[in-house]
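The two complexes that follow have subunit A in common; it is paired with subunit B in the first and with subunit C in the second.
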Partner chain A sequence: MSTRVLPDFEILVPQSKEEALKLLSQYQGDAAILAGGTDLLVQMKGQLKCNCKGENAFGYLLSLAEVPGLDYVEYDETEGLRIGAMATLSQVAAHPVVKENYPGLLESVGVCGTKQTRNMGTVVGNLLNASPCADCGCAILAWGGTLTLEGTAGRREVDVDDFYLGYRLTARKTDELAVELKLPPKSDGTVSAHHKMTRVEHDLSKITVSVRLEMSGTTCKSARIAMASVAPTIVRLKETEKLLAGVEITDQILESVAKSASSEVTPIDDVRSTAEYRRDVAGVMVKRIIQKVCKS
Partner chain B sequence: MSELKIVGKSVPKVDAKIKVTGRAMYADDIHMPNALHGKIVRCMQYAHARVIKLDISRAQKMPGVVKILVPEDIEKYNTYNTGVMDLFAPDELNAVWGEIGEEPIFTKHVKHQGDALCGIIAKTEAEAEAAAEMVDVEYEPLPVYLTTEEASHPDAVQFTPEKPGNVAYRVPGGLFPEGFYGYGDIDKGFAESDLIYEEDYYVPKQKHCQMEPHSYIAQFDDQDRLNVWTSSQMPKPVQTKLHKLFGLPMSRIKVNQTVIGGGFGTRLGLIGEPYVCAMALAVPGRAIKLNYTREEDWVASETRHSGRFKLKMGFKKDGTPVVYDGYMSFEKGGYYTHGGVVWVSGILARGAYKFENFRFDGDAIFTNKVPCGAFRGYGNPQQALCMEQLIQRMCTDTGIDTIEWHKKWHREAGGDPWGFGVPTMNCGADEVLDRGVESFGWHEKKEINANQSGPKRRGTGMMLGVHCSAGFPVLLEHTVATVTLNEDATAIINCSISDLGCGNHTAITQIAAEALGFSMDDVFLNWGDSDANAFDIGAHASRTIWTAGRAVKEACEDAMKQVYAKAAKFLKVDPAELVMEDKKIFTKEAPDQIVDLKELLWKGIYAFMSPEDFQFKFDRGQIIGKASFMPFANNPGWYACFVEVEVDTETGELKVLECTYVNDIGQAINPAAVEGQLEGGIQQGLGFSLTEEMYYDENGLILNNSFTDYKMFGPTDMPKCDIQLVTTEEQYGPYGARGVGEAGLCAPGPAVGNAIFDAIGIQFNEAPFTPEKILKAIKGKGLFPDKRA
Partner chain C sequence: MKTRDITLHINEEKYNLTVDANQTLLQVLRSIGSTGTKYGCGTGECGACTVLVNGKTSILACLTLAALADGMHITTIMGLEKDGELHPVQQAFIDRHAIQCGFCTPGMVMKTISILEENPNPTEDQIRHELEGNMCRCTGYEKIVDAVQHARDMMKGETR
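What follows is the complex of A and B.
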């Protein structure tokens, strides 16, 4: 049974990143990290599993609210886009370079939650929540990038491709804080887009597709295709991507791409849709989104 | 009728400010000193089980726990049902269809997920919740029946001995001379038909999704009065039902109705009142607050009746409707709740078209789902969704123009549409259809959509319908209103009228102000106070304006009659000659001989003899007008709905592009409120047909019990809505108004179904029409399968 009353918890409010890491190494999986809280608080009231793994899952909340220097969105042409752990979805959407160079990401942020939750929720949090129907997670996976994880033992970078280990499981260790997401810059022929299918406008994804193609004229040099709500994690369709590498985009290619996408996904039945439907439309969605980016 | 000054104007809602500022007092906003908190312990893991052992020993030791109520504690009270048929229909009829009140406050036989087992009373809500977790229950699981077929199997576990075969309700056909509800000869009708259409439909289990979760306070005070604060939409029947349940005299029960955060039927009758009152009676003197979580609302408060509808109709080649034969079988859920929803489906179907022969039968079978109860439309959305689609199939097959068919075969004024001996006085169906066709651009759109290609296909669809303005003649109709004229020539109306958010309090205030000749500011409606308010049924059946509006109007007229009598005596004229303008009373013949209303009322109360002649200037006494109004008519409004949809044939996705809705409501008391009411209905009607359905797993546990998992149409999903109010003559309703509360919901479903049919040539017999079903059908059958073959 869900509750109107939040379960008892102790809130930890570190004043610096170092303090946050120290607390994290002390509490490990018993501390849930609170950034925007838009997923976490719902999980607490619904008594669901949360983004930490400990037995006493909601015993401690480690708030990042007062850790300075995490709420940035920065861009330079070599490194690309750097999104700090506390940068909100609204903040990322408002960044001029995101609008200019990362249209897929922009679209995914725009359909993530509602205006109110986008003002609270963070892009990095969306990745960490590890939902198989994640909105920006899907666009980020299609784009490619690295997540910087920091612990008392040091700092490491994990490719987003290696970040998801299973249903709601990530490569983040319990004493690590995801401090930054890096998305490499676009190249000359880079195009990207995102499309989320829902039951009604404000809804979780029924099925979502994100693509990033490197185009040279009508020829696709390489492709990254990610989908959400079709597997235990957000996934890339690597077999389907191969069909696009180095070929000219024709109707014929798109038909085989669509067929491949439908067979590559492994969806399930749930309250939002059926496995059969998701499989059927996966191909249509991939085909349509490629048509769309090729037109633009 | 003289020119109306306030009625017919879109004045701002009287409660707009308190709601916009957030200062409206919902039940949860009321904080009583030292209040305790209740929590109902519910069975969440089984949909059907017997409780073998209920052990509260661990829970009793939890901090803050004051008392725990178990089934044995409430045995001294009666059982009940949540509905109000026991009050709204005569005992003889209730006996015919077997009205029962089988529901105990706490049960040992769990009949649906969320059934109540016991109740915790603790110092805080958190402590009550924590203790609820510590109640240890052992169950004997029973077979779970999710369909009417499973539940009515001869070997099925019986839900209650009073209802053999688990048949909770059966349409009382035996009451009627033909032995069934209807008329004519059904077999002969089919024999004489050229065209026979039949389909087996499923209509979904829709949840009200009212914004305010159920919340209550109760206190058994030191004068031995049971006070309860509730946002019930039927406060007076709740008072009566609590009287029957707890055996307390009605003089010892006070129902304080709080601001209602949406109702739509979910607050019809009893919901959480029995629990909170039982808790209050267990700790005399202490106030108890009981809040439902949204999930509890989902698992334990009623839904629309879902089920199957076997419908068969016969027509002549020219479309003449020869015979209608329908059997609706509703999934009742775990408890009896309301008797007659299935029958109302038939009553409203019968009222629509001139079938030469008509039979409607149906039942409601217990199942292990959340009980079904009242929901805006009360059986009409379900039947209309099916009937209008089957009529469209006939029209499409034969090439008969659907608009012309509807125009030709709808019922007219007069007659006895429902079979209860009460004729209707008017019918605006033709005007409604004409206005809709024009405003929507029906013929133009048909032309534009005639030759489409590509993956996205547009289609248009329409429906015609009729609802009601009240429960009469099927159910009791009664409202009592009093109007007290204050000494400063302002007025207090006392009437237990519920406003579910649709503007009834505003419209009633407008009616009162109009009838009194006062400004809106001079009139205040005192509602929600069962001591001060006399009987009113509550808000249901689109009846508030029809019945309560007339009651308030007549009470005001009664007050003004007393005013004129006093003034006439003073002016020595015939009261019939008097008029009032700006609170000055005079005759047209002698306009300079004026009685000031304020002086007349003031001196009726502060009545002193004149020191000069020891006389009183006016008759002494305060004026209180009264009406106890029971209508003897029910003139329904006709409505038509036109929609255009776009179907993505590769994904099955559907967009509702436009919706034109036309209703002959007579005179709108407050047109803006009526439009808002209708748009809200359309929103729920679109959800009913396109997205809303409660899903269960095979164990009878609800899969979508939150707004995350259950999706209704939101504001951004709404199509462009064009609401057209057709003003037709209305002889009976107050200032010519008819009821309009439910019609909006009944309309869009079948219109959308018909638009899908127009777009892709496929009809669907199971709502909601989801992209999953649409795509599957297209893949299986292809577009326009009938034409292709």
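What follows is the complex of A and C.
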């Protein structure tokens, strides 16, 4: 393996979305879609990325760099936040509404990679890369939202809850392009936060948690909890969420929430942590992040 | 396509090039003699290949495809000196002895310029956080952080 030289491929540089979709339907799984490149090119250099035939190569890279109109971050009160496929992490982090209303997302963007990779990589790409340790993906799953997928046959919206089908497997079909991520607006009592645990600051996560709670005073009306690096995909802890629905948050509740979180995750041993550690710490992290958002 | 004709503006000089689809910007820079920009890891971890787009945004040349850099204005370490005068950030690195073997320095300097472009008055904490993504194997981080603070003060017109 060489990190100096990329394997051979042809590059496709469509000048419009229509052209991109046409090329995609023509090449399907033999074309990898290139947005920021900070994951894809690394995987290709390491020959870790497989095409539709399971070969460690792609014949074609389809770049979105010159497709106009995909690099937006927009907000309105009914639709919420709309993030285009080419909007970089830095762009999202700089948006005033993200700073104001989406603290969990903001935190996740801030710890995703380094300044340089945030200037290059995209939020939608982080979701599409489908890594079980995805930073923004975890915050997005905790917040809830929809992804717009477009193909030559038309467009459809997929709930982020239904997007991950298995390890590195998503609901996107090979002829579809993820064009936009939509995150609904917050309501009055919404609080959110994200916490990533790493060995050193810009490392990949050992374990990550994101929460979004709908609070009314000290009572939690409903909760969404997502975790990364604890299962083959980023996951929601739906059983644990139920314990929080409609209850006043007390120390006692948090103890049972912690216990439930630890039993709901299915981590493995790998280079960054052991399963046992992750299981133990999952509960503690969920408890602490809820304490934190309730205080703020 | 297997190759693409592109125009690159490197340190304000225009280059018309034919590049391979799978060539990185780093490979192209180095092949035309712009060897100030270093190859460290090739995988986006060390920051040795950091260059600036439009004079301010830091990117990694090792993860940028040259074919997609058509029309870009790139600043590298080799474009900083003007009429024999070093850029204040370069001077600050020398003044504060923030260079040991020097391999990380081009990336560190370019990154520092982008940090100060975005926030001319960063605190030490902010500097440490922002420098994440640039590694120094000689581990002279103390001096590097010191140099960035010195550059910040010089560029504001005050020296400590």
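We adopt the following convention: the second predicted complex is superposed on the first by the 285 of 296 C-alpha atoms of A that agree within 3 Å, B and C clash if a C-alpha of one lies under 4 Å from a C-alpha of the other, contacts with A are read in each partner's own complex, and residues count from 1 in each chain.
Rule of thumb we're sticking to: a contact is a pair of C-beta atoms (placed from the backbone, for glycine too) under 8 Å apart; a residue touches a chain by one contact, two chains touch by 3 or more.
For clarity, every value in this text was computed on a predicted model and none was experimentally measured.
**Student:** Contacts for A:37 in the overlay, against subunit B (first) and subunit C (second): which applies, first, second, both or neither?
**Tutor:** In the superposition, A:37 contacts subunit C only.
**Student:** Given the touch rule stated above, what does A:197 touch, subunit B (first), subunit C (second), both, or neither?
**Tutor:** first
**Student:** Could you let me know whether more residues of subunit A are touched by subunit B or by subunit C?
**Tutor:** C
**Student:** Who does A:5 touch here: subunit B (first), subunit C (second), both, or neither?
**Tutor:** It touches subunit B and subunit C both.
**Student:** By the touch definition at the top of the document, which applies to A:155: first (subunit B), second (subunit C), both, or neither?
**Tutor:** The answer is neither, since A:155 touches no partner chain.
**Student:** Touching A:280, do we find subunit B (first), subunit C (second), both, or neither?
**Tutor:** A:280 contacts subunit B only, not subunit C.
**Student:** Which subunit A residues are contacted by subunit C in one complex and by subunit B in the other?
**Tutor:** Shared contact residues on subunit A (touching subunit B in one complex, subunit C in the other): 2-5, 42, 46, 201-202.
**Student:** Any idea which subunit C residues touch subunit A in the complex?
**Tutor:** Counting only subunit C, the residues touching subunit A are 1-2, 4, 21-24, 27, 39, 41-44, 47, 50, 57-60, 62-65, 67-68, 111, 114-115, 129-130, 132-134.
**Student:** For the complex, which residues does subunit B have touching subunit A?
**Tutor:** For this pair, the touching residues of subunit B are 42, 44, 125-126, 129, 132, 291, 293-296, 650-653, 691, 695, 703-704, 706, 708-714, 716-717, 770-772, 775-776, 779.
**Student:** For a test of understanding, state which residues of subunit A touch subunit C in their complex under the given definition.
**Tutor:** Counting only subunit A, the residues touching subunit C are 2-13, 34, 37-38, 41-42, 45-46, 61, 63, 65-66, 90, 113-117, 119-120, 201-202.
**Student:** What residues on subunit A touch subunit B, complex-wise?
**Tutor:** 1-5, 42, 46, 197, 199-204, 271-274, 276-277, 280-281, 284-285
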